[in-house]
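Input: a single structure, listed below in structure tokens.
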Amino acid sequence: MPSHGGATAKVPTEAGAPRGPDAYRLTAGDNEYDDGSLLEISMGPQHPSTHGVFRMDVVLDGETVVKLKPVFGYLHRNHEKIAESASYLAAMPYTDRLDYFCSLTNNWAYALAVEKLAGLQVPERAEFLRVITAELTRLQNHVCLAGFLMQDMGASGTPLMYGFREREKILDLFEALTGARMMCNYMRFGGCRCDTPPGWLEEVRKVVDRFPRFLDEFENLLSSNEILMARTQGIGVLTRDLAINAGITGPVLRSCGVDYDLRKVDGYGLYPKFQFRVPLGDHGDTYDRYMMRILEMRESLGILRQALDAIPEGPILDPKSKLRGFRPKPGEAYGRIEAPKGELGFYLISDGSPNPYRYRIRPPSLINLTVLEDLCLGHNVADTVTILGSIDIVLGEVDR
Amino acid sequence: MAATGDSAAGHRLNLDPNEFGTTSESSASVETLEQILPRMKVAIPGVTFEVVPNSAPGAEPSWLVDREHALSAAFFLRDDSTLRLDYCSNVTGVDWPERTIKVKVRKGEPGAEKEVEETRVVPGYLEVVYHLYSMAAKHGPVVLRVRTPGRGNDVSLPSLTPVWRSCELQEREVYDLFGVHFENHPDLRRLLMWEGFKDHPMRKDYVPPDDYEYEPTPHDEILEKAQARLARREASS
Amino acid sequence: MSPIFYFLAMLTLGGAVAAMSLRNPVHCALSLVVTFVGLAGVYLGLGAHFLGLSQVLVYVGAVAILLVFVLLLTRGSGKDEFDERPDRWWPALGVGGGLGGVLIAVVLAQPGLALRTAPPELPTVRALGESLMTDFVLPLQVVGVLLTAALIGAAVLALSDRRRTPQDSGPVTSREEGETRR
Amino acid sequence: MLGIGLIKGLAETGRNFVGSYLDPDRLVTVEYPEERLPVKENFRQFPFLVFDGEKADIGLRCVACQICEKECPPQCIYIEKSKDKKPDHLGKPQFYPAVFDIDISVCMSCQICVEVCPFDAIKMDQQFELSTADRFRGLLLTRDRLAKPNSHFQAIHPRDAAEIDMRRVDERAKAEAKAKADAEAKAKQATAAAPGATKAVASTPKPAAAPANEGAIS
Amino acid sequence: MAATLDQLFVQLLHGMTAPLPEAIRPWVALAISLGAILAVFGLCFGITTVCERKAIARMQNRLGPNRVGPYGFLQFAADGIKTLTKEDIVPRTADQVVHFLAPLALLVPVVLTFLVLPFGRNMTAMDLEVGLLFFFAAGASTELAVFMAGWSSRNKYSLLGAMRAIAQMLSYELPFILSTIGVVMITGALSTTKIVEAQAAAPGEWLARWHVFTPWGLAAFLLFLIAAFAESNRSPFDLPEGESEIVAGYFIEYSGFKFALFFMAEYLGMFSSSGMAVTLFLGGWTAPFAFLDWVPSWMWFFGKLGVLIALFIWVRGTTPRLRMDQLMDFAWKFMLPLALIILPTAAIWHYAGRGWLGWLVTAPIVVGAYVLLGRSLVGRRRIRQRSYRYAAT
């Protein structure tokens, strides 16, 4: 326990406790438990279910995990440095590539931070378009997550393909609106890049109307499946205190019963105007994390319906914003949104030049991985894979 | 199945035109530093707190705390019953290299002062910024800054991982990319760069090496550098 | 005495010799399997189908696997080879040779061994079963009880060993894990 | 419980199996080389340079201002300015790109070059079948390969193109009107200065930009 | 005509071996049968892989392979050529000899199991008195091959896979065998031919006496089928090769044709277990209804086999995978007790007769055992559906 002065410095709570040095020993060879019965395997960076080039150094006793160390950086490209040497606008397409499933929410978080920095106002129609695209993004992200989770459980791709089938329709919408399916690069500081093509909103409505049918199908297939329940219930339980202390955000946080959804808390964009509920779990296990996503999708559909009913005509870009020669005044801003994976924040420091002086991304995927080892210890190799899948990481964002 | 009904279908958006167009910022406000400081002075004797202003329109000021008392201040902020900043959202480093600024100073005899431009050297330092929120009270952010004395050898700061586990990976990242040494961090290893990497790439004076794997493209200075390097290597061997 | 018999005999003996002489214990176990298979082949060649197939089912399907399991579970990883020749091979040779001698003597003492050219009429499986269930029902039950007791004993031993790594009682935090293992 | 969930799952996959033959909504696969979806109007692939008229080297709208080169996030554009100048559609003498290369192995199709271009000279193409065996030169689009006529732009982005063409016609009309006014003013001056030379001034040729402009609305 | 077609292959074999001397005739017949089995089931293997890919694709709303040959049905030929021409990579640290022998040691016993399957009337390659035992003996020896593959590769994943495979196959061997004992008790024979003949419709009856039409038989059939899923490492019991966890399990270090052999052995194992399930419970080559007797017997066998294979594929397209400890629990705490309960139930059926009395006595026993065992298995883990709350806004 590190020493810290001061009278009020209490003994840290259970969750916040610094873990003993043993918890940070690296390999089987390093520790005193190694009597030859432990097996150290390196899962990744080439492994089918690490969701990219992620590596876990796992020490096993039989098949029980006794130590697990995540290893990062295989996809590191120093996005922050690249953005600091380019103009504010030029960083926007790079944000697409952070969490490449959710480029539109990434755009939004960055745009929000810059708008805070430069004091830009977003026109109403643009705000509606942002809500619509963000909720569509949430749908397709959660759908894929559920599919990948089942894939990690060995479901030979069927749920994944159903998820991808629906995602395909949403990506078609993105393509019609933004010109690209995944790397949308749609939002601009103070609005959006272009208005909707004719008939686009009707297409969105069609997809939204069809979606519940798909969700019912998906739940028929899986949510009451005995194997799924046996594989996920009671597995990887995250306690409430640990989740808060470790900065876990998004559905993973809410699965342990913490009511913290930035759409409600910060009320950014137009979210205070919409009626939706925040589902909460009570167990914090893999099943709850999975169900959070399913329930959130239903709420997202509600938001989409309300937004489609109420979207007004109007401009889509703040007239004060400019594409060329954008130089915010010196200052700093931290903008954060509820991305599908958790709190995505952008912290910008401007020194008055066309390039950001400091450009920092708060990646939900990386920080949610803080508790990976805590969740996995004592479980099986097979559970490690599902726990990782239920945390929902994208390596583009973890390694940046 | 639980909650399969589509609840939001019935709701319709309140279409009051006056309500639109106002972006609501985080509503719950945190106490100002003036309100907190007396309590804190009692709790942590000798702590110095300073407000760093922020001229951006959002105007979130940040609090600079001295590094000796940073850990106790962090515990105070987390455990104080009104603040309850139980959630550390973001940890980041900022590199402020040594810079010369020109200041206008009045000089000369009193009465016959002249405005003279002087160059002054501001010593460089590394800064770590913590964005704190409260999940319990749903307020925030409180921006906490800690600075190192310099950028050279004295780059250690207390780790706040004992207070917030969320700092664990982020402080590792700051260590990796900025070279801030966090004392008492349980696992201070490089996060993104590989072990054995020498420099800290996010520092402003970082010079990228010319021998990393390149994609040979036309009109590429990296290619030229790499080719020059190859030529040198061939010449020497 | 057909060529098949000689082939099977070679296989059996070769496997046995390999099992004794190879240096890698897993190789030895696998050679032993060859012996089992050869022996089963001899039984089948004699027309004792039930015995031969039981030999395969029990020895190849279960006993050999057990051997292999034991080899892998009891030895530390990475040490696959026997490092030195065993010192006490003399007494081993003595005991083995003695046992072999007794067996050979018993076989040779059978009257009219050389006269048997055709195999005798073997009992059918039905006959085997009937005699097991009527004449030998008590020995059968005794053996059954013995094996069950052994099985339960093994399970009890294994359970007491496994108590330190709980499976379903939720996750263990790293700290607890460290303490229990320290 | 007790297997009912599994049976429900089996029924669901069974329904999808049958449904994939009956319901076109379920089978979303497009058998690409034989079957093609209509390309969406907003779809973007790699940039191209728009030229007016028939000939690329005359009608290229690009004036080599190099804004796109500076703004390009992955720095995949390389421009060399020309030494001489050519008149643009308004008749103003402008530079033109002597070299204009886009390395599409680096380009990430972000469309920022299009947005920052003040001359509507660079637009996003929808040609996506660009595979080549030559990894380096095959993926380097030079000026000649990049230049495409305005009719192509009109074909792939009709709404955008119509708007831009309208604007350009207006601009040109204004410029012509201005030139005419200038010319008239000049003529007046000239007549005022030398009344005998009126005829010669009246037959002054139109601004030199005119021939380059014929293809603007085709 | 029907009779000729029924005995077509038997006559063909007879015609081929008739000119040969008496001494070697059975051996040659056996060799020819083996060749025919290899050819037929090799082709079945190829077609099944294509059909499986296409069926699962359709379940997933995709098209599946459709480029090679008509509707993609020659895909297996392309795959075969690909695996044959691929480089065979053996890890440097692998145990070369064992690594080489493992795929052979796996394939040979699997092929041997086909020898005792009755594909049609008089169409058993080796009509042993102890045919069932032969089947299990040959099946049991595949475990060792799996171990050889996993151990000799010197890969931690393959070792984990091999240990999983052995534990799984040993555990499921018990219900696999026990579920057949009831059939043996009722028919009083270990010979597969006799078991099939016992299930034919008696003269005057319209419905065949398939064992699956009895309460104990249905339960035993399901147990046998589940154990067959586990024995052939098919989803949801594909843990030994669970690609999302241990990459490919015991054959992770195999490439090229050796990999294809493993693949083939898995499918052949699936065929032979399905064939045995058909033989034991679905009446082998007999027709379900007496009036359908004119259909050639081997068509019935292969038709039933096809149905079971389709079931295998369907299940694979649907279920996620179990975990190791759950797999073990399921084998030892559910399947084994149920199989043991089915045994006396079969005896009761034998004495209570085929009428309503038998149904009345045995059906409740089977259903009750199923419900009780299932509840205890699920209840102890506290697995249930949950309801969720929403944050107060």
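A, B, C, D and E label the chains in the order they appear, each numbered from 1.
Note that a contact is a pair of C-beta atoms (placed from the backbone, for glycine too) under 8 Å apart; a residue touches a chain by one contact, two chains touch by 3 or more.
Because the structure is predicted, anything quoted here is derived from the model rather than measured.
S.K.: For the chain pair with the highest number of C-beta contact pairs, give its two chain identifiers.
M.R.: So the chains sharing the most C-beta contacts are A-B.
S.K.: Let me check something: if the centre of a chain is the mean of its CA atoms, which chain is farthest from chain D?
M.R.: Using the mean of the C-alpha atoms as each chain's centre, the farthest one from chain D is C.
S.K.: Starting from the Cα centroid of chain B, hunt down the chain whose centroid lies farthest away.
M.R.: Most remote chain from chain B, centroid-wise, comes out as C.
S.K.: Please work out the Cα centroid separation of chain A and chain B, and write it as a whole number of Å.
M.R.: From the centre of chain A to the centre of chain B is 21 Å.
S.K.: If you average the CA atoms of chain C and of chain D, how many Å lie between those two points?
M.R.: Going by mean C-alpha positions, chain C sits 80 Å from chain D.
S.K.: Centroid of chain D to centroid of chain E, CA atoms only: how many Å?
M.R.: Inter-chain centre distance comes to 63 Å.
S.K.: Using CA atom averages as chain centres, what separation in Å is found between chain B and chain D?
M.R.: About 42 Å, centre to centre.
S.K.: What are the residues of chain D that contact at least two other chains?
M.R.: 1-3, 6, 9, 12-13, 16, 26, 28
S.K.: Would you please write down the residue numbers of chain A that are in contact with two or more other chains?
M.R.: 17, 19, 23, 39, 158, 162, 165, 221-229, 234, 277, 279, 291, 295
S.K.: Going by the contact rule already set, what residues in chain B reach two or more other chains?
M.R.: In chain B, 1-3 touch at least two other chains.
S.K.: List the residues on chain A that touch chain D in their complex, please.
M.R.: Touch list, chain A to chain D: 86-87, 89-94, 96, 158, 162, 165, 168-169, 175-180, 183, 185, 193-194, 197, 210, 217, 220-222, 224-229, 323-324.
S.K.: For the complex, give me every residue of chain C touching chain E.
M.R.: Chain C residues touching chain E: 24, 26-27, 30, 33, 37, 49-50, 53-54, 56-57, 60-62, 64-65, 68-69, 72, 124-126, 167-168.
S.K.: Touching residues of chain D toward chain E in the complex: what are they?
M.R.: Residues 1-3, 6, 9-10, 12-14, 16-17, 19-21, 26-29, 31.
S.K.: In their shared complex, at which residues does chain B touch chain A?
M.R.: Residues of chain B touching chain A: 1-4, 6-9, 11-15, 19-21, 23-27, 43-45, 54-58, 60, 62, 69, 71-72, 75-76, 78-80, 86-90, 92, 94, 129, 131, 135-136, 138, 141, 143, 158-159, 161-170, 173, 177, 183-184, 186-187, 190-194, 201-202, 206.
S.K.: Mind listing the chain A positions that touch chain E in their complex?
M.R.: So the residues of chain A touching chain E come out as 39-41, 47-49, 63, 150-158, 160-162, 165, 221-231, 233-234, 254, 259, 261, 264, 277-283, 287-288, 291, 295, 380-383, 385.
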